[in-house]
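Following this line, the structures themselves.
Next come two complexes, and both contain chain A; in the first it sits with chain B, in the second with chain C.
Now for the complex of A and B:
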């Protein structure tokens, strides 16, 4: 186990180093001045740019420059946004929780709906529940997410007026940002405004969560179904059947545990896609998260912000993957013996 | 669960014809295939068969609803937009950009993915580990973010989007191909082939590829559906195709302001996108199922 941890951690280190190297090389690849791309300072005077070049060690060779870049990343000095003039790191600290919040709720919805649906589809293989779930999944899988968001807005916001169209919470309510997770903040402050703020926040969350959950739900349904079907073909299930267990016992006690193991790994792999979709969802619902900020940064050619966003989002995905794989290993005795970080 | 065959029928057909026979029996997949072929033909010949040109404006017919509506006009079957352009013609031409370019992007990805994937699959030791972990990193960057970075470097535009999508699709593609190659290489007949003195190239071309090309087609359909969605999403975010290019996502974004006044201008491009992706997925799913069934018997 210790060797496994060591291997995983060295792999993590390698991945983070490569990621930062890629981010660093973007300074040279992006159009414009390297110093501006690095620091986010425009129109600086001669003395200022000399000081900056000194700070970023631009006169030295590329390895030293990269070392200086790494040092600043670790220190939390990620440069200044070209459009707002604020430090990029502060933007990310402020905006990332909103994205994570949305992603986590969507993932929870996906797990709560997807896994039972997948199990049902596998248990009733080739009968009508399987067929219904399968065709619905295929449709959910194929629907362009921005179109789905627009359809929901057309029906529920413009047509029925049930849900608000944009933002995290109504302008009437003022919630002190404490952890930047809006529901957590509201609960921590003891449901201000007689609980109405909480309900309002939930209403704001409803549509973006549904839109964002659509894709991971379908993926989880398909994956759970396939994994469950594989397990049900195994010999130990046949043995259990031969021993006279009924269907319910068979599925709940014997098949489910083994079928869900690969699903845990799959959940970790979903984060990368989830963040891609979150970016689109955030733009449509004006959700003040890191995705919308990134898209706006590209409209404004805000290169330091794009780099910072890339670094933060990819690190998050790497850590999420690592965490999922780690919990998979803890739960699955077979994969513990594979010392190599297998993919 | 044991399966009994009451009538054992010997089938001496070629693998491909057995594949087609099973595929034919799967009706949704067959319908998907027909739609897929129709869209491909549309993508090729849209400028020839569309009733109007894409930028032709009809000042007497602004924002007409589709023709089955009371206020509609039969000259414009799917209505017109705020500049009086025929939506049917624009959508037909959109197939060339969204669907046609996606096919090209997926094809280029296939070629690159097969080359890199088989290199990664054939290599061993530290080189293989390097390939894999390098791919892991690209997998951890969300595809849209990767596309955004490439667009930040190259500038927005339809062709740059295609490059971005190819690069964003490639890691997963290479991963799947590598797994296929590794799985095939571990089989006994390949060992026998190697013992017979076949070179690496021979093993790859004669041994591995004939056995995995059907799976590559399945991966191709998956890549294609992602490519369609990505091109449209980038067009929708105004990072890909720029108006007046008739890419479906761009049309959708262009008409977003009309969502209240003329919902069909927003709804119809989405319907087409949905149909295109659905047909691709139907074909891919059907093919995967058929491959599984053929392996079973």
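Now for the complex of A and C:
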């Protein structure tokens, strides 16, 4: 186990190094002045730009520059956003929780709906529940989420007026941001505004969560179904059935646990797709998360912000994947024997 | 199955959500105003950007005097009364007593507003020895472009409630310049505390004023939150909160109006007015407004330094078609540079008309038979004078193709856009101006004078001494007829030289929900929400 952990961590380290090297090279690949791309400070006087060049060690060779860059990343000095003049790292700290929050809820919805639906489809293989679930999944899988989002907005926001179409909470509710997870903050402050703030936040969450959950739900359904069908073919299931176990016992006690193992790994892998989709969702629902900010930054050619945003998002994906793989291993002893780490 | 499940889940959730009293209770009553851009700053002294002024000027601050939108007469604000000496060079303001600055979590005033604050507020603009003069690049675009820094000799505190402005010479627009949204009174006490704490840059970001609302929170791209100023000197403020929801997308602002996420929205675009006016719970107000939308050329860059080229471009575009497509009949074709509602308006016979053959001829004369490439900068936000610059740019682009000129459209985020225009990086730009006062000088000096070029505000980058002389002459006299004559000459000169092509004058629109009252549309200046209330 220790060796396994060591291998995974060294792989992680290597990936982070590659990622930072790529981010660092962006400073040279982006148009404009390297120093401005790095620091986000423009129009500085000669003395200032000298001080900056010293700080960023621009006079040194590229390896030393990269070293200095790594040091600043670790210190949380990610430069200043060109458009707001604020530190990039502060923006990310403020915005990332909103994205993670949305992704986590979407993932929870996907798990809660996707896994049971997948199991049902497998159990009723080639009978009507399977066919219904299968065709709905195919539909959900093929709908582009921006189109789904606009459709939902048209029906539920503009048509029926049931849900708000933007933001995390009604702007007149003042919630002190402690954790930056809105529901957590509201609960921590003891349901202010007579609980209405909480309900309002849920209403704001509803549509973006549904939209974002659509893709991972369909993937999980298909994956669970396939994996379950696979397990049900196994000899030990046949043995169990021959021993006279009833269907329920068979599925809940013998098939499900084994069928879910690959699914857990899949959940972790979904996180990267989820973050990409979250960016689209954030833009459509004006969700104040890191994705919307990143897209806005691209539009504004705010290079330090693009760099910081990319770095933060990719780092998060790497960590999430690592975590999923690790938990998969903890639950599944077989994969521990694979001595080499996988990306 | 899954969608069914989702559906049931939603209904279950809604069962408890759609309780009848979802409305905020009395204590939290507030107004949400959907604004089209982030504020660039929280101090109106340092900007002339209309979208920023709308958010900050009348909400957070007061001025010494203001102009009544109906009668165009001066009204007392922080100054109870004022007097002008016979030669017009000494103006004395007698200040109101008992005016409190904002009490916030970052500053608690220990005294009322006095002459010290007034002297400080103006001293910062003009006195290089003022500790705050160089905070934020020392650009005070409005004051510099109208030349107030050249005009004011001295600002004297006579006693705690009397302030005297001594001018080098009398100028007819001085009082109206002091009545603009930019001439706000800031707190000297707050400035001193920040200076002592070596934190001067906070002064323009965390504002302290005397206005009806006080600053609470600003989240970029998201919201600006103000609380009501309980000690407002003028009248009690009805709204306990004022929130600006920053929504840059026009369609989103309309949609938010429909879902009731906004109570009031700025600049609904003309194409969507029909959707709004169908709704019984939404009012759309329409008002005349002093403004001009124009297409300005960077006259310092080749080939736009050649007035023949500018003429060719002006004649190549069918502005009537543009007016239909962009303003949907809610704009007036420009017949001069000034809008017809201004008293100095003089109709120009020689306004350029759509005539591609003539345009080609001018291009040939200028030596550009084969055409050239250029950029058209289209502003990304919707303003009164140009509801959809992108569309306008596309139409111009296709017209220019006919005379062999290839145009590229350039877009940036609004604040970046303004900054880059200030640095004159553009070839040509679609922009405009909304008057801050009814005084016609407001259309000329801040935009087309040489001083405006130096303070980065002249989008045509056009400095013509003859033109400046006309403006000075018009300001030196108080005789209305004489001034009219000078401004008529100035307008003729613009149409002759075409540093910019006047396109149209827009109407000011505002959509608000029926229960919101007390927001009046003024023909000039930024919006004021001081009297807003819900019924």
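Simple rule for what comes next: the second predicted complex is superposed on the first by the 341 of 343 C-alpha atoms of A that agree within 3 Å, B and C clash if a C-alpha of one lies under 4 Å from a C-alpha of the other, contacts with A are read in each partner's own complex, and residues count from 1 in each chain.
One rule holds in what follows: contacts are C-beta pairs under 8 Å (C-beta built on N, C-alpha and C of every residue); 3 or more make two chains touch, one makes a residue touch a chain.
Only a predicted model underlies this, so the values are computations on that prediction, with no experimental measurement involved.
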Q: Give one of first, second, both or neither to describe whether A:129 is in contact with chain B, with chain C, with both, or with none.
A: second
Q) Which partner does A:15 reach: the first (chain B), the second (chain C), both, or neither? A) first
Q) Where does A:158 make contact in the superposed view: on chain B (first), on chain C (second), on both, or on neither? A) both
Q.
Per the contact definition in the header, classify A:31: touching chain B only (first), chain C only (second), both, or neither.
A. first
Q.
Once chain A of both complexes is superposed, is A:51 in touch with chain B (first), chain C (second), both, or neither?
A. neither
Q) Of the partners chain B and chain C, which touch A:331 in the superposed model: first, second, both, neither? A) neither
(Q) Contact-wise, after the overlay, does A:113 reach chain B, chain C, both or neither (first, second, both, neither)? (A) second
Q) First (chain B), second (chain C), both or neither: which does A:174 touch? A) second
**Q.** chain A residues contacted in one complex by chain B, in the other by chain C
**A.** 153, 158, 299, 301
(Q) For the complex, give me every residue of chain B touching chain A. (A) 1, 28, 132-134, 136-137, 139-145, 148-149, 151-153, 155, 175, 225, 229, 232-233, 236-239, 249, 252, 256, 259-260, 263, 266-267, 269-270, 273-274, 277-278, 280-282, 285
**Q.** Residues of chain A that touch chain B when the two form their complex
**A.** 11, 14-15, 18-19, 22, 26, 29-31, 135, 138-139, 141-147, 150-151, 153-154, 158, 232-233, 238, 272-273, 275-276, 279-280, 283, 294-295, 298-299, 301, 303, 306, 309-310, 313-314, 317-318, 321, 343
Q.
If we count contacts the way the header does, which residues on chain A are in touch with chain C in the complex?
A. 83-84, 86, 113, 117, 120, 129, 132-133, 136-137, 140, 153, 157-158, 161-167, 170-174, 193-194, 196, 199-200, 202-203, 206, 210, 217, 221, 286, 288, 292-293, 296, 299-301
Q) Which bits of chain C are touching chain A when the two form their complex? A) 1-3, 5-6, 10, 13-14, 16-19, 22, 24-25, 28, 30, 32, 216-217, 219-223, 225, 241, 243, 245, 247, 252, 255-256, 258-261, 412-413, 415-416
